[in-house]
Structures are given as C-alpha cells and as structure tokens.
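This is the structure I have questions about; it appears just below.
Letters A, B and C mark the chains as written, and numbering starts fresh at 1 in each.
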Amino acid sequence: MADHTTANDTSSNHGHGPSVNDPHASGEAVAPARGVAVAADPKQPVAFVLAEFGTPDALLKAAKQVYEQGYTKFDAHSPFPIHGIDDVMGIRFTRLPWFTLVAGGLGIATATALIYFTNKEWYPFLISGKPLFSIPSAAPVMFELMVLFAAITTLVGMLLLNRLPFFSSPLFQSERFQRVTNDKFFLSIDARDPKYKSEKTLNFLTGLGADFIETCHKEVATPLPWAFRTAIFLGLLMAFIPVSMVAWKRSTYSRNPRIRVIFDMVSQPKKKTQTTSTLWADGRAMRPWVVGSIAKGELKADDAFYRGLKPGGANQIALTTVSFPQDGTPAPADAQKPADPAAPANQTSPADGSGPKPPTPVAAPPDPLDKLPWIEDFPLPVTSELMARGQERYNIYCATCHGLGGVGNGLITIRAMELGEGTWVQPVTFHSENLRQQPIGRLFHSISNGVRKMPGYGDQIPERDRWAILLYFRALQKSKYAPLSDVPPEKVNQLMDAVP
Amino acid sequence: MAAISPTMLDVDIDNTIETPGRRSDLVTRNSSFAEITDSVCYAAESPHPPAAWYIAFAISTSLTMMLGLMVTYLLFTGIGVWGNNSPVFWAWDIVNFVFWVGIGHAGTLISAILFLFRQNWRTSINRAAEAMTIFAVVCAGMFPTIHVGRIWVIYYLIPYGPNQHAIWPQFRSPLLWDVFAVSTYATVSLLFWYMGMIPDLATFRDRATNKWKHMAYGFFSLGWTGSARHWHRYERAYLLLAALATPLVLSVHTVVSFDFATSQVPGWHTTIFPPYFVAGAIFGGFGMVVTLLVPARALFGLEHLITLRHMENMNKVILATGTIVGYAYAMEFFIAWYGGNPYEQFAFLNRMFGPYAWAYWTMIACNVLSPQVFWFKKCRTSPLIMWIVSIFVNIGMWFERFVIVVISLSRDYLPSSWGHYTPTWVDICTLIGSFGLFTTLFLLFCRFLPIVAMAEVKGVVHQQNHLKAHHGEEHSH
Amino acid sequence: MSHASTPDQHHAGGHHHAHSVAEWKSHQTLGALAGKIWLPAIITGVAGLVVAMVAAAFTGGTRQFLFAYLTAFMYVLSFTLGSMLFVLVQHVTRAGWGVVIRRLQEIIASAVLPLSVLFLPILVSVLAGDASLYPWNDPKYVADHPLVQVKASYLNSGWFTVRAVLYFSIWILITRFLLKNSLRQDQTADPSITIKLEERGGPLIFLFALSSTFAAIDWMMSLSPEWYSTIFGVYYFAGAMVGSFALLNLLIILLQQPGGLLSPITTEHRHDTAKFLFGFTCFWAYIGFSQYMLIWYANIPEETLWFQPRQNGGWEYVSLVLIFGHFFIPFFLLLRRQFKRSKGQLAFVACWLLVMHYIDLYWLIYPQFSTTPVFGLVELGTWIGLVGLFFAALVKSAGQQSLLPLNDPRLDESLRFHNI
C-alpha cells in the first residue's frame, strides 16, 4: 500500500490498531513521517496537504490548532462524526432546517390544493352528507405530503450544501486516504487557502503530531469513457420517447381500435344492443320476442284492471291497432289529424288555446277506439286511501301540465304559452261534457297509452296508481258541478272562506 | 497500544447484566475500528457466503418465482382466482397488506424513534431493520396494487384535470390516505436507509477489489470523504429525518387503522384503533427483526456487534408492545359491553365463539400470551426461545389482521348476508410467495450491502472508550 | 449521529465535578421555603373553595360546584398521574439523563395521597344518591334510558366507590414504593434499590395503565353515561402527561430562581423535559384528532351525541381555543431549540399549557353541565382552591428531603448529561 510513497517504515506501525484507548500511541513520540504525493501526475500543482492521525482525539486537537492558526480552507475527515469538532473548526450551524421547514409548508399547500381540486372542483361527490372539502378528512394527506416534501428536501438539501455528489477529488488519489472510511483520521488543507505556503504548512502539520503527511496534486481531468458518454446520451434521448408518444397520441385521432395486450372487460365476447350480426337472417344482434311467448309476470289476464276493457276486449284492441300506420309511412301529425275523434272538436284547443272555440267542421274519420267495450266502473274497491293516493300521484304526474284543478293550466303549460311554443297543445279541460261522459276504461287507456300529444304513462305509473288517479280525476270533475248540499256541513264555512 | 484489561480478551462478555451506574458495553470484544469494518465487510467481501445462505436463497427465490406465477395468473384471469367474495370483499390481500406494512414499522422505530430517545443500542441493528422495513413495504404495496386487477389502467386514477378518462374515481375514499401514507412511508424509509448507508458505502468503495464494485459503490456513495463539514450537515439532516419519520411511522398505521375505523362495521369502528394499530405494528415488526437477526448474526459472525443485549432490548419492546396490544383488546372488549350496542357485542362474541374462533384464540395465544415469557431474563436472552416466540408473534399479528378483516366482514349487521370466507390455493401461494420475495431481498441485502451501520457503531465504540477512560479517571482519583 | 446523542465527552473531568457534587448536595431541601409556601397555599386553597361554595350558592348550586370541583380535581390529579408514570418509565428504561429531575416527579406523584382525601366530596355525593354529577345515579334517569340500564351493573354507586378506593390504593402504593425506595437510596447508596425499582417497574406500569384508564372512564366518561369511546383513557393520559411536564418545567424554573436550589439541573435537562412537553403536546393532538376523526367520519348518532354539545352554544370556540392553544401555538413555539433552552420562554409556554390543560378538562367535563360555556367565581374558586391545596400537598410530600436524588448510581451520568 505504501510502495510508491517515501513513507518512513515506522509510520505503518502507527497505522495499525486504532489505539483509541491510548491517545498518545501515535504522533509525538516518534518523529512523524513525511510522504510525498501519490498523485498520478506529480507535475501538477499541489491541491491538498493531507495529514493522517490515528485517533479521533488527535484529529480533534490538530483541527483546533489549524483553525486557531487562521486557516479557513481546511477540513477534517473521519470514519464517523466526531463530537465537538464543529466548534473547534468554527463550522457554522447549517441552514438545512429552514429548507426542511419551507418544504414542509409547500407539502401542506400542495396537499390542500390537491384535495380541494379533486374533492370539490373536479369530482364533487356528496358522501354521507359531509362537506365537499373538509379539514379532518384532508388532514392525513396534508400531513403525509408535508413529511414527503420535507424529507426529500432534507436529503437533497444536505447533498447540495455539501456539494455532493462529487466523484473526483485529488484526495481520492491518496491510497492512504482510503482508510478514512475505515479507521484513520485525516486533516486536509486546501492549497487555495490564503495561509497556505507549501513548506511552512508542511512543517506546521508535522508539528501537529500527524502519523503521516502527504501532498495531493491536482488531477489531470480524465474524460468519461466513450461508452458511458454514449450511454448517457442515448438514455437521455430515450427518456423523451414516452413523453412524446403520449403527447402525440393525445393530440391526434385514430380510427384504429386500441391495441389490447390483455383483454379488458370492455371487450367481452358478446353482442351489444342495436348492433348488427351475421348470425341471423335479419342481420340484427337483438332478437325479437318469440311469437306467443309471455315473460314471467307479464300475463296480465285481467282485462278490466290492466286495460280498462270488459272481458275479452283485449282481442279487439289488437284489431284496432292494425289501423294505425305501420313503419314506412310517417305517422300523421297531430296538427293534421283532428284530435281524438271521440272528443268532439269543440273540446280540443288549438295552439293559441284561449278558451273554447267554435267547432271546426272537419269530417273526422271514425275512431276505432270508440267501438271497444270499455268498462264503466272501477275494477277495484273505491276507498278513501285510493283517493288520497290518486291525489298525490295526480299532483306529481299530471298537475304539471293539466293544472291542479284539471283545467289545463299547469306550470309547464303556462310557461309554454308565455313563450309561444308553436308545437305545444294545451291540454283539454277535464270538465267538458265529453270527458265527463267518457267511460272510465277509455280514460284509463288514454293515461296508459297517451292521447294526441300526451305521451303514455303506462311505463311510469303502475296500474293501481293509474286507477287511483282516475278516481281523483272523477272527483275533480265532480267538484265543478257539485251542489253545496254535497259538501259536509262542517266544511261549508271553510269553503266559503276560500271564495274570494 | 491500550492497557490490558479483561475485556481485551477475544471473548464475548455478557453485556446483558448491567450494574446501575456503569453502562454495559454495547459492542463486546473491545473491537477496534478496523475490526468493526472487517467483520461487517466480511459478509459482502468473502468470495463465498455460508452454505446456509445459498440454501436460504434457493428456497426464497423459488418462492418468489411462485409469487410471480401467482400474480401473472391473477392478472390474466381476474380477481376471481382469490377467495374474496361477498360479503368478504377485503380478504387476504388486505390482511397481507396490513401485516407487511406493520412489519415495516419496527425499522423506522429503531432508526428514528430510538434515535430521538438516544438509545445507542439501535446502532447495531438499525441498518438491518431499515432494510427490512423497505422490503416489507415492497411486499405490502404489492397487494393493493394487484388487487385492482387491471393494473395496466391504474393511471386512470391520476387526477389531471376533471374527468379525463370518463370515469369518476372516488377521491373521498379513506383508501386515498393509504396511497399517500404508504408511498410517503416507502419513500422516506428509502431515503433514510440510503442516507444512513452513504458513509458505509464509501467504506465498501474504498475496500473494493474490482473495478465494477468500485464503480457501483463509488456511484452510490456520492464521493463521500468523511469531511467534518459534511458530517455536520449530515447529522443535522439525519436528525431532521428522524424527527420527520417519527410522526410518519405513527401516521402510517394510523391511516391504515382509519380504513377500518371510519366505517361502521361492528368490530372495526372503535376509537382506540389508531394507537392500537401502531403498537401492534411495532410489536409485529420487532418480532420480524428478531426472526431475521437471530440467524443472521450467527451466520455472519456478528455476535459481538449485534449482541445478546440488543436482542434482549428488542424482546423487552416486544413484551411492552404486546402488552399494549393486550390492553387494546381488553378495552375494545370492555367498551363493546359498556356501549350496549348489540351488533358490537355480537361481533366480539362471534370472534371468540363463532366459526373463526380458532383464529381469534391463535391471535390471543400468540400476541398476548407468548410474549409474556419475556418477563424472564432467561427467555429474553436465549436465542432459541426468542426466535420461537418471535415466530409466534409473526403468526399472531397475521391472525390479528385476519380476525379484524375476515371475521368482522363475514358476519355484520344482517344475518341474511352473512357468509363464510375460505382462501383459494392462489391466496395461500401468494402469501407464501410474498415471504419468498421478502427473504430474497433481505438475503441479497446481507450479501451486498453493509448490514451493520459501521460508522454509527464506531461512534458508539469511541464513546464507550471515553466512558471507560472517564471511569478509570474517577476511580483512580 | 450516535455520538452526538450521548452524555459523553462533556468537558467536565472527574476531578472537577466530584468537587462540585459535594458542594450542591448539602442544600437541596426546601428549607425555610417550605414554611413560606405551605401556609399561604393552604389559605389560598381553603379561601378559593369557600369563595366557590358561596358563589355556587348564588348561581348553579351544588351541581355547579360539583362540576367545577370535579374539573379542578381531575386537573391536579393529572399532575400526579403523569409524574407517576414517567418515574416508572425512567426506571424501566434505566434512564440516566433524568435522575436529577426524578425526585421532583416522585414528590409530585406522592401528592396523590392527600388528593385521595380531596376526592371525598365527589364520592360522598355519589354515595348520598346525588345524581347532579352522574346521571346514572338517578334511578329515574336509568329507567328512561335503556342504554344506561345495560351498564347498570358497572355504573352504580357501590361499585363506583369500590373502584375509586382501588384506584387510589394502587396509586398510593406505587408512589409510596417509589419515593420510599428513592429516599432510602439517598441514605444507603445501595445500587440494588435501583435494580429492584427497575424490576418492579413493568408490572406497576401495567397496573397504572388499567387504573388510570378506568378512573378516566368512571369519573369523566360516565358523566354522559350513554356515550363511549375506547380511546378515552388514553386521551386523559395524554393530557395528564402534558400537564405534568408543564408543571415540572415550571417548578424547576421557579425553584431555581432563589439560586443554589436544583443547580445540578442544567439547560440540558430542561431542554429534554421541554422536548417531552413538546412530544406529549403532539401526542395529545394525535389522540384527540384520532378520536374526533373516527367519530366525525362514521357519524353514528350514539357517538356524535358527545361532540354535538361541544360544537354548539359557544363550545365550538372552546374547541377552537384547544386546537390552536393546546396544539398549534405550543407546537410552533417549542419547535425551536432556543425556545426550549431559554428559561423565560419555557416558563411562559409551561404556564400557557397549564392553562390549556385546564381548558381541556373543562371542555371534557363542563358541556355535561351547561350547553353554553360558563366560567365564573365557582370555577375560578375551585381551580385556585385545589391548586392551592395541591401545592400545600406538594410541600408536605417534599418535606425536608432533598429535591434531588443524592446517591443514585446514575446520578453521575445525569450530571454529565449533554444534549444533542
């Protein structure tokens, strides 16, 4: 190890055994040896003078003296931190904690912003009635990001303040210096130190009781091997590939299906609705019902309850539908088709709908529905609960257009009239003679399947509720024509009050 | 050289005995700095590690390969290959996740909390414990990741602007906290571990015998020269990281406990969960450290650095945290009765006498009863007994999570939706495989990295010598 | 790193400090100071309680007095409990640095004996069937509340009394054991006493944990008998540690004022006790947050009923005062190294936290009394009263013993202790 130094033989004896128990084992007793540089190129100028010590205490003492001599560019090197050396070397307390503090604050701010935007702005889910942004549930993330930012900054800040990583130093040319990470203690004085004078400094160090002294020369810069340089360059280049790929793909459109390495659930071996298939002659993926089949629970054999017809009427209704236009020919629009022929024309209101108008003499074709055997009575027991239910349902489903009193002045109608919506047909009043006479089964059919512009509500309102609505409908009709004697005596006053 | 003293002899003294007022040596055999370097580097520098290392490595890599197969099978087939099903949607994956995250806690406790408490005995074991932490977190992180099923679209979850992927990830889930807690924990543990290793990596660099090793260790030691100016900032940074890691380690298992305790599942929602989970995690983690270090110190001849006293201290921590866990079990139990909520009461009776009663009693036996042998010094200082108990602790802590997750989920409020969970062979092989991964990483660490923090131990030895010098001075006075 | 964290390398050589040890050992007793404190403390204490009683007669009556008294009692009790645990922990961990502060904590902990007498008003009121504090003592209330009926076998006056006696017996035994042995070592310098204390410490901590948890449940949690929280015992414990360390820091600084007394306790030790104060402030916040978070998040009516009154009727401001005053402000103050090492600044933050600790207990107990915060002569009087009596008890339990352990084998280590 010491073959190319002019080391005194005795020095190696001191070197062995880090005689920590005996601070005087090395140094002063024997005249310290003096080494020359191990540098590859001694012609280079001196960069450092290096003094080796056997114990931490010896280094501490020496460092103190060097500092007191006024050297500023010097350093002590040891395998482990030596307590108290900061003070004797005049090392100022590091600014690192401030870096950490600021980073911690930034972490909290980042977390707050992240939680705020994800929870409140971008994905505002309302969950168990909690506010969209709340401190308690954001606290864990705030805390974690504070720690994360602070910790990363602490490490990076420590390295930066220490000017690390620094892979080449003249110190590394010294073979002896390799033991600084093992059991030896070194003092280095930088040649750039204003106090540095080659002979004087060397003598000074000799006087400090070092085991060994040597000079490290500036190194000739050796460039990195070409393989490394190429690898680094290629690596950097390749780092741009994913980024540019993503940017490219995100800014362009493609008609090609996505490449699937693993089949996701989106590509299941099944046909979706409204798509084509070559499997069947009609080319449709969706299959029609098999003729004559009835789904479970869909039999609905009770004609009166489900269709408002006398028993057997269902067969006739099938015949009537035939007369409706089939696909291919456009369905006649309401405007041309004189409303429901069953209702006399004077009851329908055109778009302007300002009250009853003189009958329009249009010869209406007979309505096939007229011929059907509609029932006249409710197919279920009429109770006050049914009435209450009917009122509630009516107010939900019907009143928006027909109005609470059934005269065709619901909120939507009023608004449509105000806006002058040309396609809006004002609902007929319930209190016309025609509607008062119409069989209850026929009215049931109208609610279920719609009439004129009114859509069918069969899918939304169950049969029982439809009957309940009709019961209330009848009550509304009756209310307009009821004599005072029909009102229970205790309600009369109340009714009188309501009259303006 | 130093004066001859009985401790100079190359025999391990019993440092588990301490006379009050006179601190026992933390490093026996009166090691010199060079000797410490040599014995720690031996594991990495010897051309052939011990035969036991090869055997262990062969087994653990096979298990890791099995894990790889299991994960591949899972990803290509779907989560259905596991036993998770209604009502136990969280099953072994979350059990294993919590188990492994908990294991990690001991490392940070040793490196950060004991550091703040000036417990110098940590220096011999902190490196291995920190390494263990990172490997455990690797295993832990794997489970929730593969549980998402289609990990190739996991980036859907990244919020970069509103609704980029036309799906609505739920950022208000408590599981979000886990993502931040576990990833922060993994990162900070890694930084802490790496930073602690820089001086030791420099030792490896300076002793490297071939160019590649020199370059690799040289790169990672960042040009460290042991400069006093560097040490100054390094120590401050170390202290800061310790101060950050201490609340962090508490927060991680606290957040994990929030996953359960913010819900309303009987047996999950209880306010003591955060401290109880943390204590349990430290308990389990120390169990794992003992499990690993008992063979490792024997295998690599480090008995004079990782001494019986270190092991004894860890066993004391196991006893203390095990008892805290017992306290939490008792409190949960008492409050379940005191609270008067029949569902909560049922949850606890079901644990004890329900279909999974065997799991509950295994947990109690392993976690509460088995560490009680550590009241006796003989048990605390016997490597064999402590190793066996530490295995029990590992088993017990796994079962604790099983009890919490599976028993509570399988029977909650509505008896009509009760179910019974049984793991599939994929579940079992994945768990075993995760142990393989963990052991493989640890064995590689033992072979290629400094398993004892040399610089720190040297500092302790230096101070030990000073104390001795001080005592000598005082007695001669 | 490790070396920096150790008590070694302090520049004091053996020779030097052997001399100084003999110097301070002779006068570490309260001496005449005891007399000067005792009587005023007793007078203040009794006067405070009398004022409180008179004020209570004009305002809220017995009920208000009992609530104020309970709050003040739990306040002074927490100092003894916190100190008790810390002495035990020091023994179990063979701590060396804290030997010089240990005797003070032993003395504080020993005040639990006189405090047990001060618990009698509460106990007597419960035994007399008075339900103004604890609604579960009222049969009519229990009959109306099925959830309270469930735990009637636990919450009843007889069993309540038995448990209270048990808790105080445990605490008195622990503190007698600690102080007596410690004082004996002053005389004999026998290291085996240290070993004995180390060995018994573990089981005693266990007993301590159970007794203090259930005491907190019995005396404070059962004020709202339907409510429950498994972490409640830990919460009271965390507050007790903050309180006891604040008191310890304040006592050290106050006693050091006249000069000479407690001179071996240096900035280094105060720095450490301040760190513990800091640490437990964080711990308190952690436990408090955990409890709040879990109950807030799960939002179950039988649990939120406890936080409901604490977030309404003016209590929300008290809650905010706690969040900032009990955590954020002391946290940022104590974060700085210089702050922990400065006597004046540390004394300030200790006083601050002593006030905050009272507010914490007030916040725990008082919403059960009134839906809006009330603080007047009754509360102030009981507070001053019990603190006065507590100080008198401290002086009594200190006696004319040394305020520092004189012959602990680790005293030397503690004296040489040098902080990071």
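As a working rule, a residue touches a chain if its C-beta (ideal position, glycine included) is under 8 Å from a C-beta of that chain, and two chains touch if they have at least 3 such contacts.
All values derive from a computational prediction rather than experimental measurement.
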item: Between A-C and B-C, the pair joined by more C-beta contacts; value: B-C
item: Centre-most chain [mean C-alpha coordinates]; value: B
item: Cα-centroid distance, chain A relative to chain B, in whole angstrom; value: 33
item: Rounded Å distance between chain B and chain C, as computed from the means of their C-alpha atoms; value: 34
item: Centre-of-Cα separation between chain C and chain A, whole angstrom; value: 47
item: Interface hub residues of chain B, defined as touching at least two other chains; value: 174, 234-235, 247, 254, 258, 455-456, 459, 462-463
item: Touching two or more other chains - residues of chain C; value: 1, 3-4, 6, 8-9, 293, 297
item: Chain A, residues touching no fewer than two other chains; value: 80-83, 130, 137
item: Residues of chain B touching chain C in the complex; value: 18-23, 115, 118, 120, 123, 174, 234-235, 238-239, 247, 250, 254, 258, 261-264, 269-275, 319-320, 323, 327-328, 331-332, 335, 337-341, 375, 455-457, 459-460, 462-463, 466-467, 470, 473-474, 477
item: List of chain C residues in touch with chain B within their complex; value: 1-6, 8-9, 13-15, 18, 94, 96-97, 146-147, 150-151, 154, 191, 194-195, 198, 202, 206, 209-210, 213, 217, 226, 228-234, 282, 286-287, 290-291, 293-295, 297-298, 300, 302, 408-413, 420
item: Chain A - residues contacting chain C, complex; value: 80-84, 128-130, 136-137, 139
item: Chain C residues touching chain A - in the complex, by the definition given at the top; value: 1, 3-4, 6, 8-9, 289, 292-293, 296-297, 299
item: Chain B contact footprint on chain A (complex, rising order); value: 16-22, 25, 56, 63, 75-83, 85-86, 89, 91, 94, 96-97, 100, 111, 114-115, 117-119, 121-123, 125, 127, 130, 137, 140-141, 143-145, 147-148, 150-152, 154-155, 157-159, 161-162, 164-169, 171, 177-183, 186, 261-262, 264
